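Look for chain A in each of the two complexes below; its partner is chain B in the first and chain C in the second.
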Partner chain A sequence: MFRTVRSCAVALPTRASTLRAYHSINLINTKPTEDYNPKTKKLLDAAMDLVPSLGFTDQALTLASRRLGYTDTTPLVLPEGPLDLIVYHLRREREKLAVASETAPADPPAAPTTPDFRTKDQRLDDACHELIVQRLKGNIPVIEHLDNALALMVQPQNMAESLSELGALSDEIVHQAGHRSSDFDWYTRRASISAVYAASEVYMCQDKSKNFEDTWKFVKSSLEARRGLQEGVGNVGQWVSFQGIASVMVIRSLMTRL
Partner chain B sequence: MNRLGAAQRLTRGLSATRSQLHRLRAFSTSGSCLNDDKSTHFGFKTVDKDSKESLVGQVFSSVASKYDIMNDVMSFGIHRLWKDEFVNTLNPGRRAGSNEQLSFLDVAGGSGDIAFRILDNAKRRHGDVSSNMTVVDINPNMLAEGEKRAAAHPEYANDPRIKFLVQNAETLDQIPDESQDLYTVAFGIRNFTNIPKALETAHRVLKPGGVFACLEFSKVDNFILDQVYTQYSFNVIPMMGQIVAGDRDSYQYLVESIVRFPTQEKFAQMIQDAGFTLAGDGYKNLTFGVAAVHIGVKL
Partner chain C sequence: MARHALSKAEASFITKLIRVDQAGELGADLIYRGQYMVLSRTKPEIEPLIKHMWEQEQHHRRTFNELQQKYRVRPSLLTPIWKVAATGLGCATALLGQEGAMACTEAVETVIGGHYNTQLRWLHENFPPKEERSKDEEITSLKSIVKQFRDEELEHLEIAVENDSHEARPYWLLTETIKAGCRGAIWVAERV
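Up next is the complex of A and B:
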């Protein structure tokens, strides 16, 4: 089913796709909930309204069916039951990120009062941080049931689905943060965002601090740690290439003297 | 000598299958010209629409008494697992927090196999002992088998919740509109003369949100297994029909009707065309696609 969802995205090149250089719109659908059957979507939305109290459960689906005037057998339209509900939650929240960026005020930001000394990479990291926090805030209404959802998602038979959703999310975040390069950084950045997001989500389940302050701090420190690692790798690479070139030069100079 | 005889028989069997396959291919390419108003399929034969019903009737009247034992012999008992899995997937039964009785309708359910399983599931998993079951079958002989079994059943003997009716699935004239929560049909729909009409009727009798669920033989999704399965069904099943039930032709028909039945994707499309919303892809394969469960919901 999800394969068809993605192929739909390929078949429908939108205006946005021409604007979004390097955004993998061919792989990931940015409006994932639009691919649901409208009536199924209505049922899922009704069930999501009940999730804060009932959790990602069959009960939420049954009660939502009854509220829409359907019967107790209706949730069969979602063959995976609670997992379908969780995946719908993930897609709806991801879509909210995309919609928020598209509807953001287009007027240019006010001239900065202090000059911006951040490097391009730092700016990107800050934007990623903001987007991860924004996405995690989408979990607050269902936070009590998030641990159950995560437990279901990491079951072996559901891993592929969960990882593909995580990949789609980090793609969305990195793209919206303004990342446009298509070099190897494309992979490392998405990988580190995925790792930070997944870890932060688990952290958030346990977080008892006021307004999830600790989680936001955790996101920041994790991103910084990743950044340090990335810089470290970059520095080592630079050192190796310098030494390599130097060695070639030394050998060359020895050869010419002979 | 014996071995030679066996070899000859095997070759004959293989060539018979090959010729059957040739006929099949001929039919599948000219399939569209069969869809006129007057004719339909009866196995690999093309027959008048009016006569299919009576031909199928003859088959099932003839196999009714041996129906169960033949199913066990032909499928090595796997049909029981399929039926269990079917009902398990549907998980029928009234959920907590409602007093409304559900209405289950089992079509072509003469043997009662699915009906008893549904009621068992409702009771065991949901504590639901008030929902109703209507078993309908076009064939009075098959329905009589089910009634006999219900009468002998420790739990469902004289249970007013179970009703048996002789009904044509294409019309279901005694079932009111929007009256059923769940419509099941297990290993029956391929025998219907007009499947789209039966699907429309299913849509008519179901309540909003009601579920159409079908368990039927389907297409094996693995090429090698498909070869084995074809050999088995064309050579072994009619022979076992001959030995166990003394009726080769009826089982020859059953095998041919399985091959004639549309693929998973095509049947899912037919369900959708009747107005149902498919659950996911609309089907789930059992045993590599030897059988498949199709689910459509009237949203």
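Up next is the complex of A and C:
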């Protein structure tokens, strides 16, 4: 019995490859599930199929390993059990966003018939809205267990893992929405998308509306509120620099001898 | 394009390389901007010289911004601090006069030239030209960028020495302080 446990644990390390392709996108890992050992990935995929009925639980993992013909000790390769399952769900859904953008038709969309009056920020927000909704739709199959998952993710010992996943997700969303920055707004943009996403996920848990219409509206209004705030900060900055230049001019004119 | 595997350590080194060089070129751009702002008023005769070096730095900064965005490397978290510090350094040394500005250039470019050299050495050691994966277009272009920029930074160093950087007083204190500051900034920008 003990030999089985040990041989399984050795045969199935959770992470298989430490190598990544050198490719523009791959200095950061947009395909996180490819890092799993193929057998572990198969087990997690099978367990995810059971999550809608069993939740993110050890039972789902055990039953999945039985269905695949693995021994009952196989799920021991995932020492955190339910948390590993949740993290796998997050990674798999993030990967789906990346894959969807890669397989999207490359040719540019046809010229719009009506002129586009949106500002750059609005266009970016609309793209983010679409991506956040697309990502949240990935939660629908497991929606009944989402509150439990969130409760587990925000426990102190799991915070680091959850936050780094949230960061990776917001990076994916902001990048795909077309935001390119080499400045500090790289961080503020990702932080605000993370905040909107996290709030929307919590809202989604309690949403009883048809097809989650209320959640999509919530995402839109939160993004608009954020944009209002950003524009406000920009306006204050403009006002301050105007006043600064004006005062320099006033002092210069006072110092000039007539 | 053929895809060649990068180990985690290599990916992490290249990520750091892009982040620190991007922050460094941002700093260089702003140092020359600060010097240009002051010297174009106080010493119009060396204005074209400063402008020549400044334009090269702007090109470096644009190049590393493009690399940072292409490879999705996060910029340095301390970007606002680098901006203030670099502009301040440029203005302050230019206010000391031409010699002060040139001594600043000499100190900065000495450190930066050495820094680019270290990176280039790493790239050559880990991607020796005879290896198949070193022929990857992205690796060769990264090498040639670092090499070209190192040469240009060292050209600036020469310009600075030819333009009386050694006449600055207190020369030793000024250059060594700036060098230490640059090394500290490189250490921090690689990490944060």
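Here, the second predicted complex is superposed on the first by the 229 of 258 C-alpha atoms of A that agree within 3 Å, B and C clash if a C-alpha of one lies under 4 Å from a C-alpha of the other, contacts with A are read in each partner's own complex, and residues count from 1 in each chain.
Basically, a residue touches a chain if its C-beta (ideal position, glycine included) is under 8 Å from a C-beta of that chain, and two chains touch if they have at least 3 such contacts.
No experiment lies behind these values; they were computed from the predicted model shown.
**Q** Using the superposition on chain A described above, determine whether A:Trp239 touches chain B (first), chain C (second), both, or neither.
**A** neither
**Q** So in the superposed three-chain picture, is A:His175 touching just chain B, just chain C, both, or none of them (first/second/both/neither)?
**A** second
**Q** Between chain B (first) and chain C (second), which, if any, makes contact with A:Trp186: first, second, both or neither?
**A** Only chain C; A:Trp186 stays clear of chain B.
**Q** Just to be sure I read the superposition right, which of the two partners does A:Thr40 touch: chain B = first, chain C = second, or both, or neither?
**A** So A:Thr40 only meets chain B here.
**Q** With both complexes superposed on chain A, which partner does A:Leu78 reach: first (chain B), second (chain C), both or neither?
**A** Touch status of A:Leu78: first partner only.
**Q** Help me check something: in the complex, which residues belonging to chain A touch chain B?
**A** Touching chain B from chain A are residues 1, 37, 39-40, 43, 58-59, 62-63, 65-66, 68-74, 76-80.
**Q** Chain A touches which residues of chain B in the complex?
**A** Answer in residue numbers: 90, 92-98, 100, 102, 181-182, 207-211, 213, 277, 279-281, 284, 295, 297, 299.
**Q** Looking at the complex, which residues from chain C come into contact with chain A?
**A** Residues of chain C touching chain A: 1, 3-8, 10-11, 14-15, 22, 26, 65, 68-75, 77, 79-80, 133, 136, 138-139.
**Q** Taking the complex as given, what residues does chain A use to touch chain C?
**A** For this pair, the touching residues of chain A are 18-28, 171, 175, 180-184, 186-187.
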